[in-house]
């Protein structure tokens, strides 16, 4: 019954605290780190890492440059941040929310799968063939849009098309 | 282990069969019924209904006009279609997929909640305040987009912003 | 097996303790904070937040005025209360009771869904059409009423009608 | 994936069909049977029975008079109705909806327990002491009310107060 | 894997320790507190409270007189006992055993529901009509009886008959 | 959603039907078969069998004499009854109710384990030592008793005391 | 408790029957259809489909050529086979085995994840970086190999490396 | 993810440590305590207690003599051992392994029930009639036997036959 | 709620019926088929198959000789039996009992794992080292033994010792 | 929400830390300890032990030689390492990942069972007969291979063939 933030490793808690002290939004941090806003938010929750293709840093973490920018924006020392993302060697994801989600905001995303899942799936198959939308080569963003004079939340999920291919 | 289509009421199976015989896509049907493609696909699966605000048909179903258009496009008789949507009086939704989904295409949507759920949620709260994205006053569509020279599936979820409001 | 109160963040425990020391009921606190009694009780449990529509405080928490009133009624310092509700940035709800509830008082609410759920649902649809009662734009209260000479608990749930609307 | 109505015993299906043919609402039927609307809807779903205290009909079913009225309102023969409610001797309840509910309308009732359960429970205890709201000596109704210019669903749950009493 | 006693709040642990030091059985304590033996045992486990109907102490706990007697019998100070039962304001029950029970003694009670549940239920309905045996206005006791020359455990469950009554 | 009776093998359904036609209670049948009322009810539900110690009928079923008496009381032919209880060779029990029970009458028995389980268990251990109440060498009955001027359901569970004995 | 084969659509059952009549192994069929043996076995179970990239058959099924070859090998008519794979329009996968698997052969694969999952995962990350082995662009085969003079089952799983890439 | 031993009360951990220091096997300890080896191992895990029939020690624990022998064999002081088994008053069992077991050694026992359960059950019924093998009046041992030139684990489970007896 | 026998494929039901008609026990059948009694019982339930090492019949079933003997003993035609065991090509096991078992006879086996599992496991490791008792190269039998003047069920489980060996 | 590494006993955490400080890969450590890379990784996670067949060290752990080599490679003192693997006497495995896995890398292995499990199983049976691939006498390795110009993860699972053998 503690907040999810309080259950995160202490480095992550310090990210949230520094963000609060600085009065920054994820959007503002994202602009300065030059990454997407949801990517930054997920990084705060320990769920997002980018893959750096350079041979000398083939591991699972934000690049050194990104960590340094993050430290600068939040006024946190580079040292512990870099150490944290290196010690926490192998990425683990997906362990934050109980399923079905008990939080109403998260539950609505779950309900969309219950109600529209088969509709979405069949349109994917019809438009692309047999395969899936990747959740690995993927991005998403959240926007405020207006519809019929009311605020709407618009979540865009974009994932690479992966055709089913049982190669030999 | 039967297909989900085979587990639907027979009227719904006849919708799928007629669609196959006519060689129509959901997109083509959607254009002629003048509704969204995912809405049409979900209607085929018995999961989507539109609300008609006119007093004389305040129940849960596609409007009479839409049912008639649908029958026409698919070459199906109006009678049984109209009867089905009237007899099947009270809408029931959300009963098609086991959770967690076992189908890989559906599972990826579930995984997005596991991995990015908290990131999305926190950006929603930061942009809008305390509340949820409605899954009732809602729409979604599926598009093919190109990114870095590869096909991508893009799913856009748009739901009315509902601020938490414990009114008195 | 500790009490739910003991599992809450310490600020919430101090709310309960101050309430006990002052000998106040939720009803009395509610009158002074000028909010509903169930809203106050849920606030104590960390489950209810009001949405303040003013641009400069678009986050998820009781308004500053309400927090101050609360501190005054309970004889608690404003500082820690304000800090708590600001640090605990993103609201999380719904994590208090196991499901099915094991506590008999909570279980009876659950049993009502088991036994009367479909009856209630069908009357809602018949009276309103296809849609739901919002649990977001919502309020509830608990009253003592007399029926046939016996005390009765009367719980009134009032939620905005949200018609299913797959907009385009 | 069939409708819940289609999974009911055939007598119950005939109740729904006759209601559709006659074009009657639960409210209209309730007025003629002289019982509450939710009671009637729940009776259709096989979930509600009234207890007749007269010695000669001490079993679990609507009274003979009520069954006869129901038959008359719906234009159904008394015989099969009376036989059904007598053969279906021992009441069984609570078997209609999966938990957590997958249907959005039912889920919102469940979410209210998740989010407001402890708030409601603590107000009950504060107002009444240690005990429960009965779900047996109980009634509920559904009304359309207006709040801030919008339609609201108002569900009122009224149950006898039962103090915890470990008698000896 | 700790004992259930060790998971209880410390006041409850001190009850068990004092009982052990004094070498008293629940039966002996029960006689001196003038309550039932199972009631006392359940009080030790934090699961039973009696309702005192006097207006000035309408909360959920043993009466002051009972707490004082208990303290006296066990040689414990009144102060902490009274404080505990007052601070632990709202009763919570039913959270001690996993279900299905893993302990063999508890499991046999569970197995009785599995095997004889419907038999018991149908005899209840035949003898009383439609309704339930209350588990709120309730008592139980455990006795040693002899049957065919062997010791038998006899558990008697007595609960108020509550006829199903959908009042209006 | 069919009644439990309808899910039983057809011979069992014919027992219920004959009972209804004859207008007999379990108590009346029990008197004529010279067995306990709950035993008879459980036999109807296929859950109770007595063990006949005579070498020539060492299988799991009511004795031939009991089956014949049952047939006579209910006006059913001996042949199919005897055949049923012989063909249905190996007893299987405990498969009738979902757990937790969804039916309110059965649920109250379950709630008693949740709330009073540890109290009952500790009194058993204190009175008898380490062991269990048998659910195999067991009986139970249901009576109507009066308490404080109200009808009470009294369920008596009597099981042989089985001390834990890890023999060698 | 029927065999999994008996739960498949009838066309699939006819595949198994024809295979038995012809006395062919999956390996032999695979050679003639010019696909992998596990692919063929999974096709029999309705779980594998290949993606044909040609625009005029963008749906989820074996290519027409493969279906024809299959029919020829098994002595089955082309017509029903082609119709089946076309009517069964949208692929559904993953619905055959309960999890955890109850069958010992399948369970051992599950146990490998329990015991070696983290070891495999960490070696993947160390060798490749942050990402996953695709189960979509994937193949597997089963071979008999000898080790220390004993037969060994060797399963080779080969999936495309997909680096985590939150693109923008 | 700690070892099960580390999750036991500290007295039990000291038993394991003393055993390691002394370099004793359960078999050696068992010989000196004059109890069965599995009984001793289960005692270490807090799962086995013997029932001492003498009236003055009717509680759930090894006899005083056995505790003293155990202390002597392991070089542990009698005092804390005796205190532990007295304070830990009421036995609780069965809480050590998740079900299904995740450990492969334990899982194989579980798999035997899955695969051979009904075979064993039917042979029991055929040999004994309707009833069960007691798991209370019970013993088991583990031996090394040779079969076809290979080591085999032989587990013998011996439990008192308890015929189903619904006595009156 | 049908018997497990009734849920088996029809050939298996005919095995049980022929056994009943012939009045044979599993022991008698086992003697004539020259296999173990539990093996035969498990074969009736479709759970046991022996592996025949001859190259020309490398599939999963009793040998042809055994099937013929079985047919002879039970007076059943060889043809359908042989066909059944050949058509039912790939063995599937473990699908008969829900877990935890609801039947009391099966449950006691499950309880033994709960209570004695860790004791058995540790003695296995101490006697054999790191590894498991095979449930594949395995046998079990059920005997009636006398202990202290009472009938006891004795189940002997014998499985090949498989040392953990991560070969390279 | 802590990393799995942080939930391991401290000796294991020190293995990971030393590995990070030394900048060694599992492959490099494996070469020096002369064991397989996955074996080493699993040892770090506490999940793999080798069985040493020499009579004087028949327990569950890496051999003394291997522990010493490991200490040397990582620059850790032999003492605590040897003590840890001796105190942690009885192996426990399989307790690291929730099932279904929530981490995407682990989930894909799970999905392979869902989708290809029956295909793999049937090919195993066809190639080997009735039996299983051992997960005890087993090894696996992970390699980088190229396919169609892309990196592929190749996991090879090799387990001893164990024919089903109900010996007598």
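For clarity, chains are labelled A, B, C, D, E, F, G, H, I and J in written order, and residue numbers in each chain start from 1.
Going forward, a residue touches a chain if its C-beta (ideal position, glycine included) is under 8 Å from a C-beta of that chain, and two chains touch if they have at least 3 such contacts.
In this text, all values refer to a predicted model and were calculated from it rather than measured experimentally.
Taken together, subunit B and subunit C share the touching chains A, D. Shared contact partners of subunit B and subunit F, listed by label: C, D. Looking at which positions face the partner, subunit B and subunit G present mostly different ones, since fewer than half of the interface numbers are shared. Copies subunit B and subunit E of the same sequence differ in orientation by 180 degrees, per CA superposition (steps of 5).
Inter-chain centre distance (subunit C to subunit F, centres taken as mean C-alpha positions): 45 Å.
With centres set at the average Cα position, the gap from subunit E to subunit F is 26 Å.
Centroids of subunit B and subunit D (each the mean of its C-alpha atoms) stand 30 Å apart. Across the assembly, subunit J contributes residues 4, 39, 42, 48, 89-91, 93-96, 100, 102-105, 107, 111, 114-115, 121-122, 125-126, 128, 131-132, 134-136, 138, 147, 158, 167 that each touch 2 or more other chains. Contacting chain pairs (ordered by label): A-B, A-C, A-D, A-G, A-J, B-C, B-D, B-G, B-J, C-D, C-E, C-F, D-E, D-F, E-F, E-H, E-I, F-H, F-I, G-H, G-I, G-J, H-I, H-J, I-J. Residues 4, 7-9, 46, 86-96, 135-136, 167 of subunit J are the ones touching subunit H in the complex. On the subunit H side of its complex with subunit J, the touching residues are 1-6, 16-17, 20, 98, 102-105, 107, 147-148.
Residue ranges on subunit A touching subunit G, taken from their complex, read 35-36, 39, 42, 48-53, 58-61, 89-91, 121-122, 125-126, 128-132, 134, 136-139, 158, 162-168. By the touch rule above, subunit F contacts subunit C in their complex via residues 100, 102, 104, 107, 111, 114-115. Contact residues of subunit J toward subunit G in the complex are 4, 25-27, 37-39, 41-42, 44-45, 47-48, 93-97, 99-101, 103-106, 108-128, 131-135, 138, 140, 142-145, 147, 150-161.
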